[in-house]
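A single structure is presented below for examination.
As written, the chains take the letters A, B, C and D, and residue 1 is the first residue of each chain.
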Amino acid sequence: MIPDDEFIRDPHVPGPTKLEVRCLVMCLAGLRGHEVAVDVGCGTGGITLELAERASRVYAIDRDPRAISITGRNLEKHGLGDNVSLMNLDAVEALEGLGEIDLAVIGGNGGELRRILELASERLRDGGRIIVTAILLETKYEALRCLRDLGFEVGITEVSVSRGRMLDRGTMMVAQNPISIIYTL
Amino acid sequence: MIPDDEFIRDPHVPGPTKLEVRCLVMCLAGLRGHEVAVDVGCGTGGITLELAERASRVYAIDRDPRAISITGRNLEKHGLGDNVSLMNLDAVEALEGLGEIDLAVIGGNGGELRRILELASERLRDGGRIIVTAILLETKYEALRCLRDLGFEVGITEVSVSRGRMLDRGTMMVAQNPISIIYTL
Amino acid sequence: MIPDDEFIRDPHVPGPTKLEVRCLVMCLAGLRGHEVAVDVGCGTGGITLELAERASRVYAIDRDPRAISITGRNLEKHGLGDNVSLMNLDAVEALEGLGEIDLAVIGGNGGELRRILELASERLRDGGRIIVTAILLETKYEALRCLRDLGFEVGITEVSVSRGRMLDRGTMMVAQNPISIIYTL
Amino acid sequence: MIPDDEFIRDPHVPGPTKLEVRCLVMCLAGLRGHEVAVDVGCGTGGITLELAERASRVYAIDRDPRAISITGRNLEKHGLGDNVSLMNLDAVEALEGLGEIDLAVIGGNGGELRRILELASERLRDGGRIIVTAILLETKYEALRCLRDLGFEVGITEVSVSRGRMLDRGTMMVAQNPISIIYTL
């Protein structure tokens, strides 16, 4: 995994998803080398770069040009990107233009979660998987609901991570915000 | 309980202990109106003010004069303080000068935890209790160990709280750092 | 607070709400001695008993006769209950029959949360408060939504508690399930 | 990653380490295919199997013959084990007999943590790493301390995971006990 502080950042773009969460997403994704993955809302590229190392082809979608730019720079910095298509489009539009996929990771939705999940699910090959990362209560709820409406069995895992900060007087645990991962089974 | 944002703050003084933690400390303290309590490391006064509302007498100790000053101002702001003695001393020195107590809450120790716990325990009346709040791993470990060495049965509760922040796009849970409460039984 | 293991239990009735959560609910409730409180879904009586110690009158509602019975026995065991009315009714029916209240704590809803919150809110005196405790994701979401629809400003606090279990080889932290408290401001 | 329920279990043997934690340990381990790894306290084989999939050679040590037996059966069940040496020995004795290693994962220590860490550190190749998983407060504290005494820079990450249980009435988050991962940098 790529350490959090090895991502170039843009103050206007969220991410990268914290290492521990990227790690869990990748575990749950179980990507194999020949598979095709989509990163919806690529932000800083936290997930895109991990997918790039594991999939045959990655579509990284973000409607914010700054996200596309910073993801591009992070791919380059880490010598990745040959198998990545950056798409500066709204998720719905971008997904409509795609063919079959094996994995969709949804890290941003802008209120279009239901439509995004529908489109992703329509493009899913046999054995394909959808993963939503959610920091909003509403996203958790809607992801569960929409994926069920689409006929999936769904799991949800919530992770709270704290990392030790080494102070002179001792080791203080510093909490990261809890994040939920909703995934099809 | 006094809301967190109703405490006057000094940027150089830690605290106040977050409402949820103050609340749990007070629950575990089980103070009765005739009892005498000590707040070791009063900081901003978070614990001192809660004790002042529930005990007959409170000794608030801090070696930092800014902590004593801000605790004094917070007592005044909330119309409390008639039953509070502010002691601008090192904890060891202050405790040596005190008589019998029913409750000691230790929120700061400056590396003197063992000695502080010994002194507090010597001053404890029948049925008295000691509570340590700890954000450092080392403090948790030492509080457990020292209190056991002093013959106490000990409990430890770790609390992770997140509070919803209401954003336009939904409810984001924002984590507070985990805190441990170590208490004699 | 009443320790968890001092409640008589019925294997068919959930509760009592864990001490740490009861404690936080009571902090957030800020009950004053002259106020009237309702406990919707009293279960084992965890919340009812705490309310009984702090309010002038408590209505404890549960549609399950076993919950009413065990709450009654717990009140008796702790010498409480003079100010408590036990109501073996569905929440909606029970609330329709009540007059003005200062506090409603909702610990069970059976799919009727929206109607329960409407009824509670209609009965609320100036300065009155509603608190929902939720272990289901769906309840959190709906409580937030319904209370906002009713015009309230709402807060949500999620608490994860672990308690140390003292083993021969050391102190193991045992996690309780996370619980959310949704409250009107 | 191997799902938790695809491990054969022996009621007398702890483990397997939960999927989410195995996943994080593997992320932090950053194993490369030519490396040699040791699993100290292999238990049910949770960590051993993951190492077997990623290292060139794995030494799985446990003083409990039932742990060795169940780890062996789990390796077989998953078609792994060609590169695994099972060692039914006390950790100290086993480590004394080993040559150079790239990674040591310590999941059990039986009070010998300091000696185990010394031995592991002596056998570590340039760029080698040590990872301790800890559920006991005392193990966290001692792992941090001993690794620092041995001259390592150390990180600690604490993870609390809850998984959704799908009930008729909604999604209940069920907490796993918090676990800490202490790792050399």
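As a working rule, a residue touches a chain if its C-beta (ideal position, glycine included) is under 8 Å from a C-beta of that chain, and two chains touch if they have at least 3 such contacts.
Quick caveat: nothing in here was measured; it's all calculated off a predicted structure.
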Remotest chain, subunit C as reference, centres from CA atoms: D
Approximate Å spacing (C-alpha centroids) for the pair subunit B, subunit C: 28
Separation of subunit C from subunit D, taking each centre as the mean of its C-alpha atoms, in whole Å: 42
Rounded Å distance between subunit B and subunit D, as computed from the means of their C-alpha atoms: 38
Where subunit C touches two or more other chains, by residue: 137-138, 144, 156, 158, 160, 162, 164, 171, 173, 178
Contact graph of the chains (line, ring, star, complete, other): complete
Contacting residues of subunit D [partner subunit B, same complex]: 137-138, 140-141, 144, 156, 158, 160, 178
Residue ranges of subunit D in contact with subunit A within the complex: 1, 19-20, 23-24, 26-27, 30, 144, 154-164, 166, 171, 173
Residues of subunit B defined as touching subunit A within the complex: 110-111, 135-139, 160, 162, 164, 167, 169-178
